[in-house]
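Next come two complexes, and both contain subunit A; in the first it sits with subunit B, in the second with subunit C.
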Partner chain A sequence: MEFKTQKGDLSRTLDLVLNIVPPKTTLPVLSNLLLDVKTDSICVVSTDLDTTVTTTLKGEVIREGMITLPARRLNEIIHHAGDDEIHFSLEDETVVRIVCGSTDCRLPGILEEEFPKIPSIQTKERLQLPAGMLRRMVAKTAFAVSKDETRPALNGIFWRIEPRRMEMVCTDGYRLARMERTGEFPVKGKKEFLVSPKALNQMAHLAEDSDEMVDIRVDNNYLVFSCAGTVVYSRLLEGPFPRYEQVIPKDNRKELITRRDRLMQSCRRVAIFSDSLTHQVQLSVKKNELVLKSNTPDVGEATDRVEAEYSEDEMDIGYNATYLADILKHIDGDMAKFRLDSPIKAGIIEPVEQEKDENYFCLLMPLRLAE
Partner chain B sequence: MAQPVIHVLPELVASRIAAGEVVERPASVVKELIENALDAGATQIEIAVEESGIRAIRVADDGCGMGAEDARLAFERHATSKIESAEQLESLGTFGFRGEALPSIASVSDVTLLTSDGRGEGMEITLRGGNFESEGMRSRTRGTTIEVRNLFHNTPARRKFLKSEQAEERQIRRAVMAHAFAQVKVAFRYVKDGDELFRLPATDDLKARIAALYGHDFAATLVPVAGSEKGPVISGYVSNIDAHHGNRARQFFTVNARPVQQPLLAQAVTVAFRDVLPPKRFPALFLSVRIDPSYVDVNIHPTKREVRFSPERTVFSAVQSAVGRAIRSEGSVPSFWRETRPAGRHADRTSHLPTATGPALPLGGEGEGSAAWTYHPRTDADRRDGIRAQNVAAPGTAPGEGERWIDRLDLGNILQVGLTFLVAAGPRGIVVVDQHTAHERILFEEVRRAIAGSSGASQQLLLPETIETDPETITVVEEYAETIAAAGFALRPAGPRSVLLEAVPAGIRDAGPSVFLRDFLEGLREEGKGDRSKSRHVAATVACHGAVRAGDSLSPAERAGLFRRLARCEQPLRCPHGRPTFLNLTLGELARRFQRE
Partner chain C sequence: MKPERWILHVDFDAFFASVEKARNPAIRDRPVAVGNGVIASCCYEARRRGLHNAMPLSRARRICPELVVLDGSYPTYRAVAAKIFDLCREISPNVETFLDEAYVELTGTERLHGTPVEVGRRLRAAVRASTGLTVTVGIGASRMIAKMVGKSAKPNGLGLVRRGAEAAFIGALPIRDLPGVGYRYGTLLDRLQIRTIAGLRALPVEALAKLFGAHGEILYRRCRGEDTVVVEEREIPRSVSRETSFHAETTDRREIEGMLFYLSERAVWTVRKLGLEARTVTVRIRYAGGGGESLRRSLPFPTDLHPPVLRRALRSLDEIDTRREALHLVGVALTGIALPKARQIDLYDEEGARRAEGIAHALDRVRERFGYSSVVVGKSLDLVEKLERNENGFVLRTPSLTK
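And now, the complex of A and B:
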């Protein structure tokens, strides 16, 4: 195996594959990148077994061959390389000589047979979507994904595609974020799958330009994105995702509209005095006013007020301040709308003005206030 | 006419049968004889045994003794000087009352009694296997000596069931010690096969007696217990939370000065120590319960080994709260702080320790200046780590008298080591805190307080979970409905084998709601006795699930916060499962490590 490449090209390639490399692993070869050099292409692969990324590297191939090299060390070498042209050559079975300007180094690797096989996918059906749209949908929902590993179904983004609409939903059981997009989607029937946020983020990373199209294929085990020469294979997560439609309240008729940034700031100020475990703040919903309160023994108490449009019954609702601020951060526009029912029912929070073809909202479960 | 089958047993046979109840083993002989001596008002008692009491037991006292007539009567069954009527059984002031001991002992051994009431010569009576053999006058100062030889020589079956010589001797020694702790004003001497094992001078101070028997190192690990709620007066000592033991050998109870083995009392102490000791470790304790004799029934067992209280609950909770208070006041302060208390106050507390007797003189150790320092014995963990923990059993130095111990730590520069331990510089060394156990303790107390004030916040679930379980657990859910709700769970029955979980206690960090609920119910099922333990269990479960783990990175502010919150805990030095939260590497220890001595 022997090839020449440019520092800039290699650097961009490493950017695409490096964040899949697991920081700690019991399988040493996963810390390595696979270099697959053929007469007409140089392919670079990284995997954590659940997500695999393959991309191509521009370069001049001198001899075919394969080897795996430690990803982070390789990245350091390239980062500090003193010249643009870098020359790789396999010296014996596993040692790669890297020559760049005045530098001459030898980097031991691991045989390529130990590297996991790239998944093969059994489907003909493919779908193309603009990268920008996907990126936005992921950004609006992925924050609500559960980190509780005991509930794997909540660790992913639920993605449903139908001919006229598409949605992504995430929940951790205490809050939920849902983004729906209407349009024309070339699928037959209804497609549903549960994808790891890591893979979707990686995909969002691929396209430099929002208008670029991402090619999507899916079978029973893998979802595959490809865009601009890079392919992301993502193992689908085990469902089933909860039947979330059933928990979306339909009768939340008490509407409150307030300045989103004011409420977010107020929430953060009052949260300083909340319990470090529960982060509980109390929202007193009053005529044309929201009063936020928190009170923790030994910590202190705080009250803050925010103007709001509201004309229904007054009530006190407890929320986890971190969750509330998180949601407000993801709502677009100046004004946020709350649709409420009672202090123990889910509250709906959404932008007052939805973007074109979009329907976005978050659900937040209250904390039951102590008597 | 046939010979009648049933006949009245000859008196000797009857005596031997009765003896079986009172005289189980050599130790019971020793116990009966010591109690007789105490009832006679002895101020000095000497106990000598040969071949673990089988060959000979000799108990000599300086009590009131007996005149010649009384001495002869002493071996008659139910002859006693101690009570006269059945009514007096209600309010016993003496150890004996059944009038069984001497005749029972005499029936299974050879006994020589030498006694004098101080008027004229003494009387000596000898019996063999319960039969009168001889009597005569011999000189003796006031008091009584009883020598029991060839115990069980005529009841081979009993003899066969005795344990090894060492085991029997241990029992004897324990009986002597139990009385020695119960009667500190009486001097005791114990001789085994001609060797004096201990000599305990009369004293006013239980701790001095404990020190005389077990050494000053051990006595220094004790904290005083005192309490008198709702009747029973509890006093004595328990070991501090660092000085636990592998068994209950150093647990002694007395009820109205009578040594007893009392599962009830042991249980009360266990409850008090529950969330500060590791599993299968036991405190040492020397506890005295004083209670109106009419509330105690000692006549439930011929050997009076156990007593019965009415009402039991009162005594139980009195012991539990007195012991709990003692370990809280002591266990709430890190050892470096106890050691840096002003020397004057310290001296006051230790001055009553006698210095003339005892195997070791641990005071003023390691050249650490004016404060009196005492080192308690190493625990297993210390030994493993090669770290010698320091401790002084200076009681009652709870924080809150102006400066607090936390104020002396450099909280601005706490290091996190291995993402597990927090290290702060203290006034006399280095303090190391385990972030997980410390946080568990903090959460445990906070949640327990929250439940006590029923302000357990509850997180509603977006996706209520149906949890399949067994009918037994469903029963638990119904039985503990209130506790479960107080903890912050909202549960609804959803069939004979499932419940619907709609809300969980707010703030659980890394377990799913159903995992959390299962743990919680499991805990309730295992230990759901008494309201306190229920809320305690809730607290421990929440604490364990909410606590930061080893491996979690903490910011400098979080580290300091952890120390501050720990300092607010009632029992900051142990996690709810009894593991330590706190380690103090003292200047002395550091100096030793660097060979600066």
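And now, the complex of A and C:
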């Protein structure tokens, strides 16, 4: 195996594959990248067994061959490379010589046969969607994915595609974010997947240009995204995803409208005095005003006020300030609308003005005060 | 004028073994060890023959064939300890208690009870009269000094370090006696030829910080005899743990999960009875062939219910029990224990959470009336045919740990 490439090209390639390399692993070869050098292409692969990314690297092939090299060390070498042209050559079975300007180094790798096989896909269906749209849908929902390993069905993004609508939903059991797009989508019937946010994030960043199309293929076990020479294979997560439609309140009639940024800043200020575990802030919903309060023994207390349009019954609701600020950060526009019912029921938070063809909202469950 | 600060440390001499001797005079002069599999506690007679805590019993019996080995009974030890702690509380309201030791804040009690030495003598006599046990008392101007001087006066002694003499007293002690210097730091300091606590004082604070990080500054102060931790009446335990070895080493998944179910249910029950909640779950295993693993993971929110703790514990067990080897021991520890706070309501399973609460409280009432083992739940049913039960629950192989 022998090839030459440019520092800039290699560093862009590494950006695409490094995110997938697991930080800690019991299988050492997963810390490595596979380099598959053929006469007409150089292919670079990373995998964590659930998500696999393959991409191509520009370069001049001198001799074909394969090897795996430690990803993070390779990245460091490239980061500090003193010259543009980098020359890779396999010296014996597993040691790669890397020459760049005045630097000459030898990096031991692991034989390519230990690297997991790239999934083979029995393609049943394929469709194309604009990268920008997917990126936006992922960005608006993925923050609500659960990190609790004991609830695996909540660890993914639920993605449903129908001929005239498409939605992504994420929830951690305490809040939910849902983005729906209407339009024409090239599918037959209804398609539903539960996908790891890691893979979708990776996919969302493949295209440099929002109008570029992402090619999507599906089989029973994998979703495969390809765009601009890079392919992301994502093992589908096991559900079932909760029946979230049932928890979306239908008759939250008490509407409150407020400046989104003001409330977000107020929430962060008051949260300084909230309990470090529950992050509890109390929202007192009053006529044309929201009063935020927090009070923690040994920490102190704070009160803050934000103007709001509201004319229903006054009430006090406890929320996790981190969750609330997170939601407000993801809502577009100047004004946010709360649709509320009672202090122990889910509240709906949404932008006052939805973008064209979009319907976006978040649900937030309150905190029940300790008795 | 601010009263002089005095802390008294009480250490129960060879606690479990001494309780057994007090209960049964026939073994008073014989070497006695309590434990199962390994020594949990052994008397001074046994220690003179080279036995020590955590030594495997098989080895202990080889060294000392006449050793009396007892299973032990945790509820009895608990009751005896409670008696001694009560005597401590007659001296001062500020008593911090552990399994077999306690710190008593004497500051401000001098006019009521007399000098610290008088208090120490009286406490030792009172414990002897009430329980038949001997305790060692250490007195100093800080917790650390009180405990260290107590250690040097063991067993059945009383030691005091006068104010101002702290640095001189600890200076001559071996470096590993300094709290915070464990095996790892000890080895490192050995390599630097630092053998005594006074030797550590030669290092400037910057050097210690470089060696030990944030801990370096603490050691810098400690080796000079400074320690400023206040004695607190601790009603909230730092951790609640339950662990046991198996009667016979096992690879049977149902038995292992059944035991983990049972131990975690008991740990949660203890936390709930105290009106508290726990956030962090640690699962520990030991393999029959030696070695083991443990994994600590936090729940998204604290709880006093068993289902979320169990889910986490079973998952952790899956993650750490990766060898194809029989297990010798399994255990679970709950930490992050605190008073209940505002509870995050669940979007999907609020009704389930409420139901779990109802079931837990119903079980608590039945168990209060008819004993813990009157109800056996869930996966712990798999233990019914393998283990005996008394009213306190299953009879485990390591009863001194059956808290």
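Definition applied: the second predicted complex is superposed on the first by the 368 of 371 C-alpha atoms of A that agree within 3 Å, B and C clash if a C-alpha of one lies under 4 Å from a C-alpha of the other, contacts with A are read in each partner's own complex, and residues count from 1 in each chain.
We take it that a contact is a pair of C-beta atoms (placed from the backbone, for glycine too) under 8 Å apart; a residue touches a chain by one contact, two chains touch by 3 or more.
Just so it is clear, the model here is predicted, and its values are computed rather than measured.
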item: Partners on subunit A (subunit B, subunit C) - clash or fit; value: clash
item: Partner chain(s) touched by A:368 [first = subunit B, second = subunit C, both, neither]; value: both
item: Touched partner set for A:320, first subunit B, second subunit C, both or neither; value: both
item: Which superposed partner A:247 touches (first subunit B, second subunit C, both, neither); value: both
item: Contacts of A:174 with subunit B and subunit C, given as first, second, both or neither; value: both
item: Which superposed partner A:349 touches (first subunit B, second subunit C, both, neither); value: neither
item: First, second, both or neither for A:275, with subunit B first and subunit C second; value: both
item: Partner chain in contact with A:66 - subunit B first, subunit C second, else both or neither; value: neither
item: Subunit B versus subunit C as contact partner of A:17, first or second or both or neither; value: neither
item: Contacts of A:290 with subunit B and subunit C, given as first, second, both or neither; value: neither
item: Stretch of subunit C, among 58-66, 76-84 or 202-210, that runs into subunit B once the two complexes are superposed; value: 76-84
item: Where subunit A meets both subunit C and subunit B, residue numbers; value: 148, 150, 171, 173-176, 242, 244, 247, 275, 277-278, 280, 318, 320, 344, 346, 363, 365-371
item: Contacting residues of subunit A [partner subunit B, same complex]; value: 147-148, 150-151, 171, 173-176, 242, 244, 247, 275-280, 298, 318, 320, 344-346, 363, 365-371
item: Complex contacts: residues of subunit B adjacent to subunit A; value: 443, 446, 454-463, 488, 490, 503, 506-507, 510-513, 515, 546, 561, 568
item: List of subunit A residues in touch with subunit C within their complex; value: 146, 148-150, 171-176, 242, 244, 247, 275, 277-278, 280, 318, 320, 344, 346, 363, 365-371
item: Subunit A-facing residues of subunit C, complex; value: 279, 297, 299-302, 308, 311-312, 315, 338-349
